[in-house]
Structures are given as C-alpha cells and as structure tokens.
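Each of the next two complexes has chain A plus one more chain, namely chain B in the first and chain C in the second.
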Partner chain A sequence: MNITSFLLMRHEIILLVLILAMLVLEVATKPSQKKRLINIAIGLFLIHTIIGFFPAETGELFGGSFRTTGLIHFFKNVLNIGVLIILLQSADWLRDKVAEYNKIPEFFILLFSSLLGMNYMISSGDFLMFYIGLELSTLPLVALVAYNSFSEKSTEAAIKLILSAALASAVSLFGISMLYATGGSIFFEEIAANLQTSNLAILGMVFFFSGVAFKISLAPFHFWTADVYEGAPIGITSYLSVISKGAAVFVLMSILFTVLPALTDVWKNVVYIVAILTMFVGNLFALRQQNMKRFLAYSSIAQAGFMLMGIIHGGNLGVATVVFFLLVYVFSNLGAFGVVQAISSETGKENMDDYTGLYRTNPKLALALLLALFSLAGIPPLAGFFGKFFLYMAAASVKEYLLVFLAVVNVTISLYYYLLPVRNMFLRKSDDAIPYFKSKSMMRTGLVLAVLGILVLGLYSPLYNYIVELSASVL
Partner chain B sequence: MDFSYTIFILIIPIAMFLLLGFFYNKIKPAVSGWIGVAGLTAVAGMSYYTAYQYFFNIPKVAGKFQTFFGFKMNWMNYILPKTEDLPERFLAIDMGILLDPISIMMMVVVSTISLMVHIYSRGYMKGDRGYTKFFAFLSLFTFAMMGLVVATNLFQIYVFWELVGVSSFLLIGYYYEKPSAVAAAKKAFIVTRFADLGFLIGILLMGYYGGSYDFMELNNPEGFNIILENAPQKFMGISVITTALILMFMGGAGKSAMFPLHIWLPDAMEGPTPVSALIHAATMVVAGVYLVARMFPMFHFFDDGFALHVVAWVGAISSLIAAIIALTQTDIKRVLAFSTMSQIGYMMLALGVSEYDGHEGLGYMASMWHLFSHAMFKALLFLAAGSVIHAVHSNYLKDMGGLRKYLPITNITFLIAALSISGFPLTAGFFSKDEILVAAFEHNKPIYFITLFVAGLTAFYMFRLYFGIFWGKKTAYEHTPHESPWSMTIPLMFLAFMSIASGYLPFSEWVTADREAIHGHIGLFSNLGAIHWDMAAIAIATGLLGIAIAWFFYKKPTDYPAKISAAFGRFYKWTFNKFYIDEVYLFITHKIIFKCISTPFAWFDKKVVDATMEGIGNKTVDVSKLIKGVQSGKIQDYAFAFAGGVFILVLIVMYML
Partner chain C sequence: MIENVSIYELLTLTTLLFFIGLYGFLTRKNLITMLMAIELLLNTSVINFVVINKYLYPDVLQGVYFSIFIIAVAAAETALAISIIINLYRLKTSVDISETETMKY
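So, the complex of A and B:
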C-alpha cells in the first residue's frame, strides 16, 4: 500500500476537504458576507461532482475494510448528483430563511458529513466500517432536521428521528453481533465464507435487516417517516427520501447478496413479506394525505417497497434493476420535492388544495410536477415507467408472479393518488390560486436537471446497459 | 415503394397539438378550428393515398400483401442477462410505422372519423370557452391513436396505448366544471389502467420468453417452435405464451369495454358528443380488437387457440349483455354506448371463431370489415345524436319526439345509420354482419345463436331510439328546434354515404388473416354474389322482426296523444281498448321482458359489476381511513411497532417457514 492507494477514497477525501474548507470559511468570513458562502459551497460541490466522473481505480484499502468497484463508484456519483440538485433547490431557502440565524456554513458541514458517512457505508468491507458510516450519516441529519429554528414541528421531528434512529442502530448492532458470533469475523468476505444456516445467524440477519429497514422506511419500521418528513425543512426531506434511502437500499442489497448468501432462502422470505407490506402501507396511507410533504413521504415508502422486488431477484439483473430504479427515483422524487420547495419558499403553502388552478398561473411548475408525478406513477415513456418495468422483469424472471401482480395492483392504487394533485392543478380552477412568480435561477436549474433526468433516462438506453455491465462485475 | 412520407401522418397531429396547446391564449378560436380541419385533411389525404398505393399499385408477392415500413428506428436496446435456462439475449425496442392491410385500414378509419369530428366540432363546440384547447386535445388523441395503429412492436403499441388513455382522460373530463365529467374521466382512466396491468405483464412475459417485441418476429409462424422451446413453463395447463396473450387481451378488453371491464364506457358519455363519436365509437374502443388482430397468428397457434376461445366467449357474452341493457336505457347516448359495446363484442367473437388459412379465416375478415363499417355508422349515430342534443338540449328520450319535421337531415342520416347497424339489406352493416354470422355458424354454433339473437335485439333498440326521437309523441318545445349548421350536417351526410358504401368495398380481397384473397370476385358488386343468401335470409328476418316490433311499440304513440285527448268522452272505450292492447304489450315488454330479464341484467351490471369495481376503490379508501389512527404521532407507539415488527419477522422466519 502506498500513498496513491488512498486515491481509491477520492470521493471521501474531497468531501473531507470540502468540510474542512467550510469550517475555515466559517471562521474567516464576516457575518454580513456569509450569504456568499452558499454560492461558494455549491460551486465547490459542483466541482466535486464533476471530478467524481473521472475514471476510477477499483480495489481495497485497510485490509479490506474499504473497497470500491465500478458500481460503487457509479452509485456515489448518483448520490452526488442528487445532493447537487438538492443544494440548488435549497439555495433560496438558505438565503431567505436561514441566513438571519447565521447558520449557513454549518448547514453545508452537516450535510457533507452525512454524505461522507453514506459514502463510507456504501464502500464498507466490514461491519465496523459499515456501522461507522451509518452513524456518521444519521447524526448530522438529526441536526439538519431541526434546522427550521423556532419551529416546533421541526424540533419534534428531530427528536423523533434521533430516538427512532437510536433504537434502529441498537437493533442492527445487536444483529451484527450475532452474525459475528456465528461467522467469526466482522469482515464481509470471511463471514460469507464461514456462515452456516443456524438459528442464531437467522436471528442476526433479521435484526440487522430491521435496523437497515428503518433507514429505508420499510413497513413496519416506517412510522417516523411521515412526521419527520413533514417537520423537516423540505431540502432535508428530499435528502432523507432520496439520498439516505437510496444509499441504504444499495447497502442492504450488497450485504444480503455478498455477505449472507448462505441465508438466501430465509432473507428472500423476509424481503418478500416486507415488500408487500410496505407497498400496501405506503399506498393506503398516501391516499388521504393533504400535506404535500406527507403525501410524498408515503409515496416514497411505497416506492421503497418496489425496490425490494429487484432484491428478491437475488442476482446481477436484480442489482442492475435496483440501481437503475434508484437513479430514476432520484430524479423523479427531486422533481416533485423541488416544485413543492419552490412553492413553499415563495408562498409558504404546502397543502394539496393550494395547488388548485396552478396550471393557469404557473404552467411551468405545474408541468414539472406533472412529469415528476407521472414518472413516479410509472406512466410511459417517462423514466419511472422503465424503472418499474425492469423491476417487474427481474421479479418475473425468478417466477415471482404473485409479487409482480401485487406490485401492479399497487401501481394502480398509486395512480389514483398521484392523479389528485394533477387534477387540482390542471382540471380545476380556483379564485385564489397561487399567483404567478418567477423562481430564482438556482431553483430553476435544479428543477430543469430533475426534469431532464426524468425525460432522458426513459429514452436513453445505453445507460441501463452500462449499469447492467457494471453490476455483472460486482458479484 | 417508398412510404417514408407516412411519418407526416404522425408529425402533423403532434405539431398541431403543440401549436394549439402552447399558444392557446393567442390563437383565435375560429383560426384554431380551421388549423385542426386543415391538418386532419392532410392526414386523411395521405392515409387515402397510402391505401390506394398499397391496395392497387403494389404487386402482391405469391398472392399475398407484403409488409412495408414507412419509417423505422431503433429506440432502445436492452440486455437480458443469462439465466439458468436461457442464454444472454438482446431485446430491441423500435419506433416505426408498419404498413400492412389492417394498419392501413385503421389509418383510413381513424383519419376519416377524426376529420369528420373536427369539422363537426367547429359547429358543435362554437362559443365554448376552451375551444382551442379542445382542438389541441383532439390533435393529441389523433396522434396517439395513429401511433398505436402503425406500431411495429408491442412496446410502441403500449406507449401509445397509454397516451391514448391520457388524451381520452383529458377529453372526457373536458367539461371540468361538471363534477360528473371529472369523475367519469377518472373512472375511465383508472379502469383502463387496471386492465393495462394485464397488458403490461403480458408484454413482460412475451418479451422475456418470446425474446422479442417485434410483431414481425413474434407473428412469424416459423419462429413459434423456437419460442416454445424457450418457454416450456406451464401455468395452469397452458403455456406461458398463452398466459401472456390472455393477459394482453385483458388490456384490450379494458380499452374495448368488454364485460366485465366495460363499466367506464357508459359514464364516459359525460364527455362532449364529438368526443364520444371519435373515441367511444370508432377509434379507441376498437383498439382491443385491433390488438387481437395484430397478434392473430400467435393467438391462433399457441395451445390450439385457447386464448382465441377466451376472446370469442368474452366477445359473445359482452355483446349479449350490452344489447339487453341497451333496451332499457333512456339516455340516448347511453343506448349508443351499450350498442357500441355490443358491436365490439361482435368483432371480438368474429376474431375468436376465426381460423388462419384461406376461407377458414373468414371471421378475421368479417371482424375487420365490421370494424370499418361500424366506425362509419356508429360515428354517424353519435354525431346525429349530438345534433339532436344540440337542438333540444337534453340527453333523454322523454324530452324528444316528433323531431323529424325540425331536423330533416339528421332524421334521414340517423335512419340510414340505424338501418345499417340493424343489418338492413344492401347497407354496409348487412354485409359485414352477414360475414360474421357465417363465420360463427361455421365454427361455433352456440355463439352463432347468440349473435343472431343480438342482431334482433339491436334492430329493436335502435328503432326504439329512432322512433322515440323522430316520431313518437309530439313534445312541446320551449324553443322550436332547428336543424344544425352545415358544419355539422356535412359530416353527417358524408358518414351516411359511407354507412352504405363501405358495404361495397372488396374487403375479402384486401384484409384477410393470411393476406390472400378469400373469394376471388373482382368488381364493385362482387359482394352481392358472395353473400350466403340462406344465412342472410335468417339475419334479415331477425333484423326486420326487431324493427317491426319497435315500429309497433314506439311509432304508434304519435297518433295517440292527440286522439286520446279528443276522444275523451265517446271514443273513450275504443281508445281505452286500443290502449289496453298497448298496455298488454307494455306489460309484456316492461313487466316481463324488461323487469325479468333486462332490469336484472342492468341491476347486476350496476350493483354487482360496477359496484364491485367501485367497492374495491371505496374499500381501499376505507381501509386507508381505518389505519390512519395507527399513525398516532407518539414516539412510544412507533418504537412499539418497530419492536413488534422485528418480533413478528423473527417468529415468521424461525417457526413458520
């Protein structure tokens, strides 16, 4: 191992530099100048995102604690793009609402720390690294959820998050200790080699699964989701629903596939049950939500249920479809949250009824939300359709027809509630519709990126084939 | 032959949609109407030219019509990784324009009806606030429908299939200030989407086991053995491919309003009447028939045509149920809606009883022919009904009667359409229905008798409608009804001409299952020679009987209202007696036939079929209400649920599995 081997951790090192840079800038900037830090931070992160696309080596560090592959590298880039869009969409909120409390650099420091944790979690080669990454990604998030100062809801959400997260961490740590007891190691490869089917191992798997399921907000570990999503600032809600969830799904999948292949028959059943439960719970709760954030919270729970379909496949095709779906989901969900954010930061309105007649006053925003919701609902030829289509294909190819059927039933239910805001915006008219406003340029860039993603991913197939090739090398 | 210009058949409508949709505040209504008509004229002209070139100028190869591609591009390629029993494969998804007899026939149907509806709408929608938006939606629909019929592969057809659903949603919900219209639009969208679930799973299975989405590859009989080798799995005794076909037919049944997925169609009548004529009579609702026809070789060959039997029986049952329900409806558009469902059932059953080769493929030809002639006379019926509604401002029979004096053109054209749908000799409906009856008689006797019975019912309810509107009692109108403007009557006259003329097109030479001519008669009037007069006689008799009964019941009351009031004293007994006879008939029809057969059917339809579908929706909402309390907001409860979840999962995996 020499000094260049550290370049395997390129993403993490640059993020760490960014965090330190923000710390220094925080001290070095006059309070009145701190608004400028928003642009600087976003600019720096943009550079980081671009550097991420340079070709990368694959390999291991620290005796296998840290590893990186083509797919992991690709997925980190996906997360970066997601965070970049979130930052663009949150810039107005930071400038208008947060600046007066003088907490701008801290926002970036916390957010980048959380992302750093996720990167380590994704790259982990043993359970220690995994756990450190998990905690590093969660703790700063608690502070970020409470970022709406003097808002009771925001504070309450943060407390709920930290208490639930503590419980989940404890449970998953307990599960990891049992896996250690049966596998005799904390290294993934050694556990995979040693693990036999035993009751203790199964118990460990279920506990570990439950802990991670909390992060993905799978039913019945999802209860914190709606409250926290509603209370948190919208930018953080999108981060929770897209980045945090996406990274956790990815890690869960790779651990189930590579560390616990001995228990495949057992965890498939667990995933099966949880997938069905999650889809139904998410959809049934979403039907009656009035608050857009809660609505999208439940919709994202239901979407997580779909991702599990690809995990059930258990092979390379499953990995590829899940990663593709996550990519699509990043853009679709950020498109929807972006519009909600734009309207909320301009008018403070977050209810579905407030959107009545939006098409007449703000046609572009209404169209962006329409595309995002249709993509989430899986209407062709938008990206969301293909994401779901490949998941069905993965599940159908291992003959899980019942699961596919239940999934399509759920898609139909979801269509009903995704149409509700669409109906409000396009078919109804209102006398006190949200008046026309022009979003700031950063917000617009963020929305345009999301919409482009929705349109392009559906129509540009080489990307999917690229993911298929990447995932073939991973397992 | 170069057909590359056909791409404009798709480009023109979508360009019109974008133009009218984006600048709908800036374009004057009058201009937008003309833009729509001009664009559609161009599309129709190209469709006719294509049909002319294809059927007359291009030589057949070995007696068969060839397939051409007006345009074809590779849209996407996907890798299907290697599995235990299948090698790694590539799935290509194309976008293109496929030209063969049925797609060209559909192009002609869609463009003709759409053009007529555009012309008609200029008069019908005059003064409506969203006039331009309406034409924009019509263009979008035309684009989607055209894309559907020229699809080269399953994936393309599915994408346009959904787009058709979306544009139909917009058009049905066009009167968005009417809550019932918005509800109907949603119902139509969601019911058809539910059916599309089947379609989607069917496509998935077909792509995975059939190894292709392309119609040319899938329908190639030489490739069937390879597909069978790759798809050895049996599911409930039938092969995966047959399952896939039946699932795809489920999607088709949803769009084509086949029992029990038909419940959206009557409600969809809330849309503007021209929309009903375009979407719910001639184009979108026959998409399911078209899909089966498109995949016909597969339907026919796999599992000895098991999927095709399903199609036949679903068609026959839908056709019967719809005809019976149509008897009792009083909203004229709803009568037409059920009638449409019944006639599409005809097309389905004709496909269902068809074989592949030569004369055995008569049902296929009959189905396509009936699709064509039905599109003409049913669009006419809807547009004429629109003209009536335009004149009396009501949808209900009770507000009509004696309109023949006020609406002479509508009267005549409606009569022609009604004769045609009833199978009156020498009209288009007579020829196409005759072929369906022959096909059913030769291949499936029970279905033949259903078909014959439905033919009688059709004639009856159609003339009940005709007499009820144009003859019957003299209603006192607040405003004297007047004939509609030229923009509305010209399409009526053209379609009336087509309702007769399309019976003389040599369909048996043009559109057949194996693409070879069936009869070999040449010339305009060869159809007369090809008729099976023995079969036709029975059909004619049935139809005339239906018309006669309707005449007896519904034309007569015209003379009565006046006489009854005049003869109140001394002629009382006479009238009473006469009236008594009517009462007997009324008793027989209303009390026995309607109450005992028709009403229960209608009840069953409304309370059981409809209610089940709605019930599923309502129950979902109820469950959603019920479980709302679970989300209490208390963190202790969440922790409890968390721990409980872990505990139950452990129990399940340790002890139950």
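So, the complex of A and C:
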C-alpha cells in the first residue's frame, strides 16, 4: 500500500478539502461579504462534480473497511449532480432570506458533511464504517432541518427527525450486534462467508432492516416523513427526499445482496410485504394532501415502495434497475421541488390551490412542474416511465406477477393525485393567480438541468446499458 | 469474561433493557425523558457488542472498538438533540411532546 492508493477516496478527500475551505473562508470574510461565499461554494462544488467524472480505480482501503467499485463511483457522481442542482436551486433563498442572519457558510459546511457521510456509507466495507457514515450523514442533516431556528415548524421538524433517526440507528445497531454474534465479524465479506440461517440471524436482519427502513421512510416507519418535509427549508426537503433516500436505498440493497445472501428467502418476504404496504400507504395518503411539500413527501414514500420491487429481484438486473430508477428519481423530484421552491421563495405560497392558473402567468414554471410530475407518475416518453418499466421487468423476471399487478394499480392511483396540480395549473382560471415573476439565473439553471435530465434519460437509452454493464461486476 | 455468569444471562439483560427503552420512548411525554430512553437503547447495543466480543470471539477486538465508536456518536447525537430541545423551549417555553403537534396527518 502506498500513498497513491488513497486516491481511491478521491470524492471524500476533495469534499473534506471543500469543508475545510469553507471553514477557513467563514473566518476570513467580513459579515457584509458573506453573500459572495454562495457563489464560491457552488463554484467549488461544481469543480468537485467535474473531477468526479474522471475514471476511477477500484479497490479496497483500510483492510476492507472502505471499498469502491465502478457502480459505487457512478452512484457518487449521481449524488454529486443532485447536490449541485439543490445548491443552484437554494442559492436565491440563501441570498435573500438567510443572509441577514449571517448563517450562510454553515449551510454549505453542514450539507457537504452530510454528503461526505453518505459517500462513506455507500463505500463501506464493514458495519462500523456503515454506522459512522450513517450518523455523519444524519446529524448535519438534522441541524440543517432546524436551520430556520426562529420558525416553530422548523424546530418541530428537527426534533421529530432527530428522535426518529436516533431510535432508528439504535434499533439497527441492536440488529448489527446480533449479526455480529452470528457472523463472527463486522466485515461484510466475513459475515457473508460465515452467516447461516438461524433465528438470531433472522432477528438481527429484521432489526437492521427496520433501522434502515426509517431512513428510506418505508411504511410502517414513515410517520416522520411528511412532518419533517413540511417543516424543513425546501432545499433541505429536496436533499432529504432525493440524496438521503437514494443513498440509503443503495446501501440497503448492497447489504442485503452481498452481506445477507444466506437469508435471501427471509428478507425477500420482508421486502415483499413492506413494498406493497409502502406503495399503498404513500399513494392513499397523498390523495388528501393540500400542501405541496407534504404531497411530494407522500409521493416520495410511494416511489420508495417501487424501488423495493427491484430489490426483490435479488440479482444484477435488480441492482441495475434500482440504480437507474434512482437516477431518474433524482431528476424528477428535483424538478418538482425546484418549482415549489421557486414559487415559495418568491411568494411564500405552498398550497396546491395557490397554483391555480399558473400556466397563464408563469408558463415556463408550469411546464417544468408538468414534466416533473409526469415523470414521477411514469408517463412515456419521460424518464420516469422507463424507470418504472425496468422495475416491473425485474420483478416479473422472478415471477412476482402479483407484485407487478399491485404496482400497476398503484400507478393508476398515483396518476389521479399527480394530475391534481396539473389540472389546477392548466385548466382552471383564477383571479388571484401567482403573478408573473422572473426567477434568478441560478434557479433557472437548476431547473433546466433537472428538466434536461428528465428528457435525456427518457430518450437516450445507452445510459441504461452502461448501468447494466457496471452492475454486472457487483455481485 | 465474568466468573459464573453465562452469556445467556447477559444477553437476556440487554434484551430486557432494550425493550424497556423502547417502551419508555413510546410512552413518555417529555422530550428529555424520550432522549434518556434512546440513550438506554444505544447502551444496550454497547453492552451487546462487548459481551459478544468477550464471550464468543475473544481473539479480535472488533466488538470493543465498535462500542467505543457508538459511545462517541451517541454523545454527539444527544448534544444535537438537546440543543434543538433548548431551541424549542425558547420558542414555546415547554419541552412537552404535545407542543410538537402543529403539523400532523
């Protein structure tokens, strides 16, 4: 092992440098100049994102605690793009609303720390690294949810998030201790080699699964989701729903596939029931929401149920479909949240009824929201359709026809509520519609990137083939 | 390894503690007490790791150093939770769970 092997942790090292740079800049700039840090931070993160695309080597570090493969590298890039879009969309909010409280650098430091935790979590090769990565990604996120410390809603959301997250990690630690007892090690490879089906191992798996299910907000562990999403600042809400959830799904999938293959029969049953429950709970509760953030929260719960369909496949195809769906989900959800944020930071309105007649006053925003919602609902030729289609394909190829049928029923239910805002925007007139406003350039760039992602992923198929190729070497 | 104490007794103790903590978390109405319940939950995992390491796999100290990390992370978690509870107290002058019900369903 020589010093260059640390380059395997390229993403993490650069992120760490970014965090330290922000800390130094925070001290070095005068309070009146702090607004400049927004552009500097976004520029630095853009460089980090671009460097991430250079080809990476695969391998292990620290005796197997940290490992990286082509797929993990690709997924880190997806997370980087997602965070970049979120930063672009939040820049105006930071400049207009937060600057007066003099808290701008903290936003970036906490957000980058959380992303650093997620990078370590998805690269983890043992349960210790997994646990530390999980906590490093959660704790800064809680601080960010409580960011608006004068708002009662924000504080309430943060207290709900920290209590549920702490409970979840405690439960999943208890499960990990049982897996340690039966597997004889905390390293993934050694557990996979030693683990046999026993009652203790199954109990450990269930505890571990429920802990991670909290993070992905699968039913019946989803109760915190809507409240936290509503109370948090919108940029953080989209981070929670896209980056945090995506990373947790990826980790859950890789641990179920590579660490617990001995328990495949058991966890398939668990995932099956949870998938059906999550889809129905998410969709049925979304029907009665009026607040756009709560509405998107329940929609994201339902989408998590769909992701589990790919996990049920249990093979390389399942990995590829889930990763592709996550990629699609990142762009679709960020498109929707971007429009909600643009309108909310301009007018403060977040209810579905406020969107009435939006097409007449702000046609471009309405069109962006339309594309994002159609992609979430899965209407061809947008990306969301292919994401869902490949998930059906994965589930059908292992003969889970009932699950596919129930998923299609759920898509039908979801079409109803995804079309509600669309009807308000396009078909209805309103005298007090949101007046025309011009978004700032950063917000426009963020929205254009998200919409481009939705269109390109739907029309450009080689990307899916590329993901299939990457995931062929995973298992 | 403790003389005359088997691993079964110790693991029964931690399991009991775990469910006492879970019960406390679900029934308490005060945020500080809920936090104490979570500490109890985390500490059961710490004891579990140490006991399993000592009794089953005494050659490698994986469980022991895992438990040290849990203690450190739990401290950070508590500090953050306390600071948020203090903020809530500033806004509402109460740390009761019924104060956190403006958003529901």
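Please note the rule applied: the second predicted complex is superposed on the first by the 475 of 475 C-alpha atoms of A that agree within 3 Å, B and C clash if a C-alpha of one lies under 4 Å from a C-alpha of the other, contacts with A are read in each partner's own complex, and residues count from 1 in each chain.
The definition used in the following text is that contacts are C-beta pairs under 8 Å (C-beta built on N, C-alpha and C of every residue); 3 or more make two chains touch, one makes a residue touch a chain.
Note that the coordinates shown come from a computational prediction; the quantities given were computed from them, not determined experimentally.
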**Item:** If touched residues of chain A are counted for chain B and for chain C, the larger one
**Value:** B
**Request:** Check whether A:132 is in contact with chain B, with chain C, with both or with neither, and answer first, second, both or neither.
**Result:** second
**Asked** Looking at the overlay, does A:389 come into contact with chain B only (first), chain C only (second), both, or neither?
**Response** first
**Request:** Tell me which partner A:317 touches in the superposition: chain B (first), chain C (second), both or neither.
**Result:** first
**Item:** Partner chain(s) touched by A:155 [first = chain B, second = chain C, both, neither]
**Value:** second
**Message:** Just checking: does A:227 make contact with chain B only, chain C only, both, or neither of them? Give me first, second, both or neither.
**Reply:** both
**Message:** Looking at A:379, would you say it contacts chain B, chain C, both, or neither? Reply first, second, both or neither.
**Reply:** first
**Asked** Touch check for A:413: first (chain B), second (chain C), both, or neither?
**Response** first
**Message:** So in the superposed three-chain picture, is A:142 touching just chain B, just chain C, both, or none of them (first/second/both/neither)?
**Reply:** second
**Partner chain in contact with A:167 - chain B first, chain C second, else both or neither** = both
**Message:** Using the superposition on chain A as set up above, list the residues of chain A that contact both chain B and chain C.
**Reply:** 159-160, 163, 167, 171, 226-227
**Message:** Considering only the defined contacts, which chain A positions touch chain B in the complex?
**Reply:** 159-160, 163-164, 167-168, 171, 199, 202-203, 206-207, 209-210, 214, 219-221, 223-224, 226-227, 266, 269-270, 273-274, 281, 284-285, 287-288, 315-317, 320, 379-381, 389, 392-393, 396-397, 399, 401, 404-405, 408-409, 411-413, 415-416, 419, 423, 427-429, 459, 461, 464-465, 468-469, 472
**Message:** So in the complex, the part of chain B that touches chain A is made up of which residues?
**Reply:** 75-81, 83, 93, 158-159, 162, 166, 173, 176, 182, 185-186, 189-190, 193-194, 197, 200-201, 204-205, 207-208, 233, 235, 617, 620-621, 623-625, 627-628, 631, 633, 635, 637-639, 641-646, 649-650, 652-654, 657
**Prompt:** Which of the residues in chain C end up touching chain A in this complex?
**Reply:** 18, 21, 25, 31, 34-35, 38, 41-42, 44-45, 48-49, 52, 56-57, 60, 62-63, 65-66, 69-70, 73, 76-77, 80-81, 84-85, 87-88, 91-92, 100, 102-105
**Request:** Using the touch definition up top, name the residues of chain A that touch chain C in the complex.
**Result:** 127-128, 131-132, 135, 139, 142-143, 146, 149-150, 152-153, 155-160, 162-163, 166-167, 169-171, 173-174, 176-178, 180-181, 184-186, 226-227, 230-231
